[in-house]
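Two complexes come next, and they have one chain in common, chain A, joined by chain B in the first and chain C in the second.
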Partner chain A sequence: MTAALLALADSRLPAGGHTHSGGVEQAIVAGLVHDPRSLEVFLRRRLVTSGAVAAGAAAAAAREGGGAPADRRAGWARIDAETDARTPSPALRRASRQQGRGLVRVGRRAWPAAVWDDLPDRPHHPLALGVAAVAAGLGPDDAARAAAYLAVTGPATAAQRLLAMDPITVATVTARLGDEVDRVAAATSTTSTGISSRTPPGTSPGTSTGVSTGTTDGDGRDPDWLPADTDPLLDLLAEVHADRGDRYFAS
Partner chain B sequence: MRTLVEVVARPGPGGRTVLPVVRASGQLAVRRTGPTTVHLVATAFGPLGGDDAEVRLVVEAGARLIVRTVAAAVVLPARGESPPSLQRIRAEVAGVLDVRPEPTVVTAGAHHRAVLHAQLTEDAELTATEQVQLGRSGEQPGRWTGTTRIERAGVPLLHTTVGLGPGAAAWLPPVAPQAYASTVHLGSTAGRATGDDAVRLPLDRGWVATAWGERLTPTLARLALLGQPAPVEEALS
Partner chain C sequence: MPPDHLLDDYVDPYDDPAARGRRHGPLRVGLGGPVGSGKTALAAALCRTLGAELDLAVVTNDIYTTEDADFLRRHAVLPDDRIEAVQTGCCPHTAIRDDITANLDAVELLEARHPGLELVLVESGGDNLTASFSYGLVDVQVFVVDVAGGDKVPRKGGPGVTASDLLVVNKTDLAPLVGADLDVMRRDAAAVRGGKPTLLISLREDPAATEVAAWVRQQLRSRAAQHA
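Our next item is the complex of A and B:
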């Protein structure tokens, strides 16, 4: 734990996160969030799906930071593509890239480092978070922790504003999710090393009778795969929200 | 028990498709039921907790393959502490592949993990549909975890894991659906669309549509409203 991690996860960091509600604005309209209990359920749901994806991508991005510039450029481009594949909702892609750009803007000034130049244009937010962690001298675990934490605190703050909730109550809800935030962040350090390093098969179908068997863990998932947990409900809320003309938050 | 199915589709004379490899071992048999169609036939009850089935499909450029099953798969728990049952479909597609198994019903106490990993070449086409019902009629829901990963020319286009059932990630009341259906299509474009408990999202030259609810039949009806590519492209941003 260093002060840099606290700064990275601080809602006062002017990275533009305050203009996004993480789906909570539409969840309130849909009647899914209306009190502290339903807010906690929503935050938990978001944490273990998009929060886990963000934590996995941020940690992977931070791991790539130690490589040669060409390697980390390629690695970060791959992580950006992997994040795209895990974010099929156009509204959520936009929100992620807007926040990624906002974080790069402040991160470049706050933690000047050569690594910023190796990021793709308009990176996904978790990727920018991982690179910010590298620039600030933090490790992959820190990047994952910040990503998981922000997946909860952004929407919690938005709900507080939209529902005029008692700030102490919302802080309590957020604090109660602390163990789950740690668990989600810790899972990213044990499950994946980043991107599959195996030679991509599929370039010559039919040359053999089989498909690359690869390897899978007991869950049938490739251990090289980053977390991909998704909640179709959040996709739907994001897309319905994007069509509204009377919204307070960008997402 | 381990089950392995392998099918290879190859272009034959006159634009037809030949299937030089059609074999299965374990709890599934495979039958050629049409010029480009195979049906998977369960030869035992199950899957049971701990069962592991892998279906390997290769569709070469210029070939077409349609994969169906003859009946719903009813996933049952093993005795005692039941481990998950696992079904992986690994597909290498340079031609056209259409996979639509009958529904998977996950009974109380069972946990089924389904993985679809499709690797497409630049011009390949894919349509894959998943239909899930948690619990038989009047029964407590089982648990289902489905991962879909689709790559085209090595680029990941879609990678999602959906967990349903007690203890699963996206299964917290009040939105805890017992029925789920999803279709992913690569090969033609459709814009985003929203419906009641249903959403269609655009992919690069493709789309993925998902619907959920309490019972599978109305869920499939709502999916079908979104499942057809729109005649006019919506703006994708």
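Our next item is the complex of A and C:
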């Protein structure tokens, strides 16, 4: 199983990730990222915010894989909608769905399985990642690990190209974040421990996203309990970036 | 025979339905080559010459978002909805060979928007002599170099020069000015290309790119005959 996880997290998997900077291109333009230290700060922030959201959605999607086809279709459609709700920036939604489509394209052939047919059209990337995990025989934990890891490595590579940084330095930055990646993946793949403080089960104000999610059973199957640690900075960077006419990266 | 050797339900993992379908879709022609050799000018010329007779569209790969796409729009060679630009993430080479996802998305978008499409030109970002297209993205590829880069370029080789389906040497009008020997270029290209064609042209003198357009028509005819 480990080999499939490594393949999913490998930047050489041709799923289109190399054309996205995960916000780091605009962060560099804005002066937020300019050296290894500021890159590490940016990557850590991205990991515990949108990285956690992605890891939670990927794990939830993988968890739905074992159900009957109708249940799994409904579950995945719901996770897709929940991911939309956690991605307010239209530019980031586009980027996520673009990468989801790319992953489905390669995943369908690399790990053929009936489950691919139950995905919505152009799914969000974390959802596609969760389904790829199912197709490859991996579990929710692995899906969360891949999502958390990719949340860091994609922008790290983009920063290396844009700032012409020493690739060994960038590899070191990524390696230093390893424990944090593991922590985010573990925390988001089981909902009993959250990334940040969230309303505990039982006192939930309800479906703030407007999506009906049924009962909260406390085992993480309810998308209401997906991480929602969206970062307004990343949303803003993505929107400013999308309006530029001189960008190297798609997002 | 052991059960795992039975082939009854064997599905060929390399059998790509998309590739099979492509035989009936538009011909995808890659245009690659170094910066400034005339890829965009050639794409514009082909659009002008073939636009009246073929249902065609163009995908551009820029360093920035839409430089080449804007050029095509400015010169009004194609309506806007037939031009798609992709960003290549600082790595034009990767986007046409190693991870072609962004370009496949653009091509499929054009195909969905124009169901009768017969020809899609995929123009790569300017790169070096090692740049080449994956045949997962294009059916045939044209590599464009120019005389001003020196007459030793064909001799230097590289996948673009040696393995492209058509090598175009552009800007022959500049040969006397830069001291380039066209016969040397023709001979060196023939020596490394194993019989595949090379055209020496000047888009300034022939803005219609007559010979290249004829080659593209020939590709369409031979593919139609092959899959008839």
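The rule we apply is simple: the second predicted complex is superposed on the first by the 217 of 251 C-alpha atoms of A that agree within 3 Å, B and C clash if a C-alpha of one lies under 4 Å from a C-alpha of the other, contacts with A are read in each partner's own complex, and residues count from 1 in each chain.
FYI, a residue touches a chain if its C-beta (ideal position, glycine included) is under 8 Å from a C-beta of that chain, and two chains touch if they have at least 3 such contacts.
Note that the coordinates shown come from a computational prediction; the quantities given were computed from them, not determined experimentally.
By the document's definition of touching, of the two partners only chain B reaches A:82; chain C does not.
The partner of chain A that touches more of its residues, comparing chain B with chain C, is B.
Judged by the touch definition given at the top, the superposed model places A:98 against chain C, while chain B stays out of reach. Contact with chain C, but none with chain B, is seen for A:248 once the two complexes are overlaid on the shared chain.
Contacts of A:21 after superposition: chain C is touched, whereas chain B is not reached. In the superposition on chain A, A:44 makes contact with chain B only, while chain C stays out of contact range. In the superposition on chain A, A:3 makes contact with neither chain B nor chain C. Residue contacts after overlaying the shared chain place A:114 against neither chain B nor chain C. Looking at chain A, you'll find no residue that touches chain B in one structure and chain C in the other. Contact residues of chain C toward chain A in the complex are 11, 13, 16, 63-66, 86-91, 94-95, 98-102, 104-105. Chain contact summary for the complex, chain B toward chain A: residues 6, 8, 10, 21, 56-61, 83-84, 86-88, 90-94, 113-115, 117, 119-121, 145, 147, 149-151, 154-163, 169-170, 172-175, 182, 192, 194, 197-199, 201-203, 208, 210, 212, 236-237.
Within the complex, the chain A residues that touch chain C are 12, 14-21, 98, 101-102, 105-106, 109, 112, 158, 161-162, 244-250. Contact residues on chain A toward chain B in their complex (touch as defined above): 32, 41, 44-45, 48-49, 52, 81-82, 84-86, 88-90, 94, 200-203, 205-206, 209-214, 216, 218-222, 225, 227-236, 239-240, 243.
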